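Heads up, the next two complexes both have subunit A, just with different partners, subunit B and then subunit C.
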Partner chain A sequence: MSSTTDTPAPDVSATTGTSEARRPRRLSMSDGALQTLLLFGFLVVIAAYFTSQNSNFLTTRNGLNILINVGVIGIVSLGQLLALISGGFDLSVGGIVPLGAVSFALLVNAGYSVPTALLVVVLLGAASGVVNGVLIAKARINPLIATLGTLSVTGGLALTLADGVQVPFADVSAGVLTRRSLFDINNHVWIFLGLALLMFAVLRYTSYGRQLYAVGGNKQAARLAGIRVDLVTVSVYVISGALAALAGAVLASQLLTGSGTAGTNSGLQSITAVILGGASLSGGVGGVPGTVIGVLILGALSNGMAILTVPSFYQTMATGAVLLLAVGLSQYRSARRSAS
Partner chain B sequence: MQGQAAALSVDGLTKQYGRQRVLEGVSFSLGHGEVAALLGENGAGKSTLAKLLAGAISPDAGTIAVQGREVSLTSPRAAIQHGISFMPQELIYVPRLTVAENICLGRVPGRLGTTSPQAIRRRAQEEARAFSLDLPLDRDMDTLPLAQQQQVEILKALARRSRILLLDEPTAALSSHDSDQLLTLTGTLATRGVAILYISHRLDEVFRACDTVHVLRNGRLVQSAPVEDTSPREVIEQMLGRPPEEVDFTAEDRPATRPVLELTAWSRERTPVLRDVSLTVGAGEIVGLYGVRGSGAETVAEALGGLHDDVSGSTVVDGRQLKRISGPIAARRAGIAYVPADRKSQGLVLVMPVVSSLSLAVLRTLTKLGVLRRRRESALAARLAEQVRLRARSLKQPVGELSGGNQQKVLVGSRLAAKPTVLVLQEPTRGVDVGARLELHRLLRALADEGTGQLLVTSDIEEAVGLSDRLLIVRDGQIVHRIARPTLASQSEALQAAGGHQ
Partner chain C sequence: MSHAPRTTAATAASLLLLLTACGGGGSGGSGGSAGSGDDAFEMTFANFTEAAPLFRVLHTNLDDVLAKGESGLDVSWYDNAGDPAKMTENAQLMVQAQPDAIVMYPVSAASQGISQILGDSDIPCVSVNLDTEACDFLNIDNRALGEQTAEIVGGIAAERGWDASNTTVIIGQNAAAGEQVNDCVRYFYTTIAPLLGMDEVDPTSITPTTTKIGANAVQFDGASTLQPSFEAVSNLLPSIPADNHIVLYTVNNDSTAGALRALEEAGRGGDDVLLIGGLGGDETGITALREDPRWVAEGDIFVAWWGAYAAAMAKAVAEGAEPPADVTPLPQIVLDKDTVDEYHAAGSAEVSKLPPLVEDNEFLDESGVLAYVRKVAGL
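And then the complex of A and B:
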């Protein structure tokens, strides 16, 4: 065998196509799918570790607990995912979540029905998103600066509306958003899963999704291909704002109070989850499966460490370490690939 | 070649990625003051060889010797210390430092780690004067045109006493005038003993400016000869591994056809200005628009693509008068497809698979209530891939992994998806290897034969005369010359008309 492979190929074989045909073969699986699989493996490792430490970790009860706890940040992350795919990000969700929470509580206390209040809250979030989108797409302000500005404005507005205090619900029926229903699973978990499924379909099977990836991958090329780049960009922040406000309402419902200080760190948390899930700050890549797993990893970490009674500030450090590890690994992979 | 040791010699250089040998037993030497061309199609191993010599990667076997002494180039720094400087196609410089500062980067004048702007400027001035280059030393690097940036980079290499220069397609993005200047500079360097390895796709330059040619094919060195002993035709044959096909695509006499694009009195105030540009493209006709950088030829193409809405004048496409081409969407609606000059920054989303790239410009026709019809999309992509003779492992492969030629085919294919009346092509074969260039030219000619009118805006003179049915020469924003049926012999006529620089 060795003697035949070592014989130099005769020159006649060199048709125009050979240079391409000879490129190294890789796994036939797409890069995104491979990354998601690796990420899932990571989640399994974390779960296995916690289970080995405490058998209470791997129970249906605790699994549901994790889902209940990640519902709010999960909903925010789905919107954040869009922002990251488009090549930007949305810090303002850290202000829109409390704004949604406080206004939901105020509206319900003022006698509006839960669906009406929810609609108003979501529209409010969408309106904040319009501001973000216009600042970024039309005024060409860097997403960091633009959403940092609206983060302060919306966060401040939430505190103002709450008048510096919490707004407890007058009627506990407002807790309906997080109540258990179908299969004994909480409503907001269903909302999260439903939205994730919807977003998955939108990104993968609609022209909007395709346009979004194009805009994030190369704005100029997208524009020349006839895509309304500005419109797509604005839409991303509108969706992100609306989802963040919805998440705020869920949070209020969960805590039975609208607080101007709860959920203020959801900007960085959701970015962490989405990046963990394979998205990139340079845009054009990322997906729902990765994001959901990223959210679950964060949830499993904090849950597992809580079970092991690790103080919460260590959890924050662990989250940071996991993020750096995951991103470092993916950088290493892509650097090795581009070297060849 | 002479008694003293060669500036650079490599022996049996081999590099392997996984099981694939990208470079196999390459040996050659480069004398002092020699300008050697390194030729080969994309994927032949040119950039791997350059990276080895630049210290970016290490060989699996073989040796590299500088001035007769074997060296181990383990890092770019080591290569520089041995006097080898590599100038990649995409220059690496510090945009917000001045030209003088960039020249002195890496070898800052001064004592004990201290320096001064005056000392830096003085040193830079000495270097520039030594090669009689006139550079705006105080301007920020990123405000310079590419041609001058290259000169700065070359000076930077010389300032750190490099004796061996590796230039990777330095003229790929230059106008012919700027290319000539660069070649004059390399000539000057050579007379002072600098050895130059010159990677290029442009054979005319190679035969004008180089002493030796080395041809790589599939990782092996298949030809090394002094330029006097070979010919462009032989070199192409060596690169391809087979005789080249006839390159002349000039169409046979065709009857005048109905015009599909008529521009009348196009003018633009802002630079690059346009002055009273009028032209007509008939159905099935390829009209060339040739001009050096900044002449205004590019502006015509870009405006047709919807990138400049400040052009006045009348535009008629397929008999319909257009109000104004306000943007890319308006251009496409009018039936114009625009292939931009820079496929990487303007044309393609490199992370996207081939399928999605081919369908990107016509997504609307592939959706029902916003939902993509994937089967239709695949069918469209498969058809286009075949039409442009795309070579890819799979249509799911990201475009960024393809060779330059195949990327360009994807870009052209994506524009054909809309079945345009007029195709506006800007530098359609820039940075593309000989084989792919030939195929692209054949494709464009075939499209013309099917009736697509084309406006070919190019700064590549061979392409301009070889592909156009009619050639218009643009200079200072106006059409200064028209050549009815260009032949290869029209080159000097076109160059002369286009020349004229301040």
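And then the complex of A and C:
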């Protein structure tokens, strides 16, 4: 099996012992590596531009600032990456993040320890993911409709649990998830980086990773090759839901408050980051390095525009433009793959 | 194929069951409050949103008060959900319900559409916080709040020797909320600037797209919520000189709390470097005003009682009272650490006293609603 930096090539035969299934599309190693390098180059260009405009951009403190701000959306994006690789996407994270935030705040305020509260919150997110996965894999409901539905349910549940008000931590020490630790870097940044490494390894070196790319590349072929497509699909949404709930707990720790309205944009932001990072809306493509860089690009843009005091309306337009750019790139890559 | 009708029937039955179970919880006219028989005064009330604490309390507080006795009011609630389309739909539904009076809390300053709907109905209506041409207007004075808060905060800052050479003013607007709401922050700056020797600017020059004001102030858009304010301020901080003192004021305490978290996270929230003026009079603000040395003023707008004032005004207008042509004032006062206990019960954020009615809102007593509310609430 050849490997690429950003788009591990699915090799169904290696997973299933058969080569009868149509081989999913494959990018050469240089293509994937080049893509990631180009993306990194784009990040460097952005950083260079903002630095040229304001010397405060390229400082250690501001770099950490960007990492702190992208930590939450980064965790969500890792789950979203799996959904996109599998050929779907998960809009429900926009409801699961606030649900996780509110649930976490309520649990720690009720006297549960942070690890227990975190476990419950992650299980809650995973349960939401099970619903998504079953609706998509078994009931054959389009991911757009299925996750839009659970977005409304989980978002509404978050507001209901919070009774429409903010839920401040009774004990601020419960904000341990975002406290600074090793190298004066916040815990949630380490959590994000650790999860990214773990997911990179899973996607690149395990049969589950290969199966996921195979399912996203061609479901029918994957099924014929003996892959349990439904199980893989459900697992993707379970992981995405669990990570979104974890991100919600992190967000609550960051704000020291659970809010039913916080993190509601995470669906769009995470999809933007993942597609910008090289994933395709048609599935089967994408990787962790690209996603991490995609998240950093969004964070750097937001941070840089704030430092340059760009009005918020223009910042919104710029974010939309990045999404369009990302989708355009995705389409271009798809067209190139088809042509080759 | 033969299963299709049964499946359809089962689906329809399930939906019906679900709708029945959720009855009254949607945006369209959720249950009446304290109805008191056939001769009750029927009122429809569209809240800005039921999802944000700042607005939800209008509903819950009025419900709590009216539930305690025979108020003579029967209020049906609608949720504008912060969405102009939903607001328009609610305006139509409320007119269709033919109440004795309508209260609308618009979600957008662009209220011409609902103004036409409400105006055509000839049902007396009251618009809260944002003006709707066809309705009488009930609002706080955002400009006065900003100016009075600036005088307190600016006075303390000046006493400490803070000035243009060592201080940055951070103000947080809600760009999408319209000009009236943001009056508080722009007039805050124009009032504090001369006190601290900062660049003086025309208030009208501070717009939703303004980000830098003179050499010493920055404006961010926190959308009146926690997380966007946290992100906006944490991104802004690198451009603010590291040893500058900071004065923080935003359009509400959710936004201030988010900004404050960002300042603390960056190590710039120390007692000796930060002064805060709050706005809202909610638990966050009142608790902080009592306990947090950095939080030195709080614009108390008694939001929880807006529902009662709006209901009183709607009933008074329906019964023939003549409100001021421009605006009927809501209760408000800017508190400092010495006056906070005059208006809030010791140790809690519970309102113990409301500011007295003034000439322009004295007519609210005519409806009897306000007197009832004050009596039941023990104010």
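The rule is short, and it goes like this: the second predicted complex is superposed on the first by the 297 of 340 C-alpha atoms of A that agree within 3 Å, B and C clash if a C-alpha of one lies under 4 Å from a C-alpha of the other, contacts with A are read in each partner's own complex, and residues count from 1 in each chain.
Going forward, a contact is a pair of C-beta atoms (placed from the backbone, for glycine too) under 8 Å apart; a residue touches a chain by one contact, two chains touch by 3 or more.
Just so it is clear, the model here is predicted, and its values are computed rather than measured.
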### Message
For A:Leu37, using the defined touch cut-off, is the partner it touches subunit B, subunit C, both, or neither? Pick first, second, both or neither.
### Response
neither
### Task
Give one of first, second, both or neither to describe whether A:Leu268 is in contact with subunit B, with subunit C, with both, or with none.
neither
### Query
Looking at the overlay, does A:Gln166 come into contact with subunit B only (first), subunit C only (second), both, or neither?
second
### Task
Based on the superposed arrangement, let me know which partner A:Arg228 touches: subunit B (first), subunit C (second), both, or neither?
first
### Query
Now for A:Asn65: first (subunit B), second (subunit C), both, or neither, which partner does it touch?
second
### Task
Once the structures are superposed on A, label A:Gln220 by its partner contacts, choosing first (subunit B), second (subunit C), both or neither.
first
### Message
Can you tell me which positions in subunit B touch subunit A when the two form their complex?
### Response
17-20, 24, 41-44, 57, 217-218, 220, 222, 240-242, 305-307, 327-329, 332, 338, 340, 345-352, 356, 360-361, 363-364, 366-367, 370-372, 374, 391-393, 396, 398, 401-403, 406, 414, 435-436, 439
### Task
Give every residue of subunit C touching subunit A within the complex, in rising order.
50-53, 56-57, 175, 208-212, 218, 220-221, 225-227, 230-232, 234-239, 254, 257-258, 261, 265-266, 284
### Sites on subunit A touched by subunit B in the complex
8-9, 11-25, 30-31, 205-208, 210-211, 213-214, 217-218, 220-228, 284-285, 339-340
### Message
Quick check on the complex: what are the subunit A residues that touch subunit C?
### Response
54, 56-57, 59, 61-62, 65, 68-69, 159, 163-166, 168, 251, 254-257, 259-263, 302-303, 305-307, 309-314
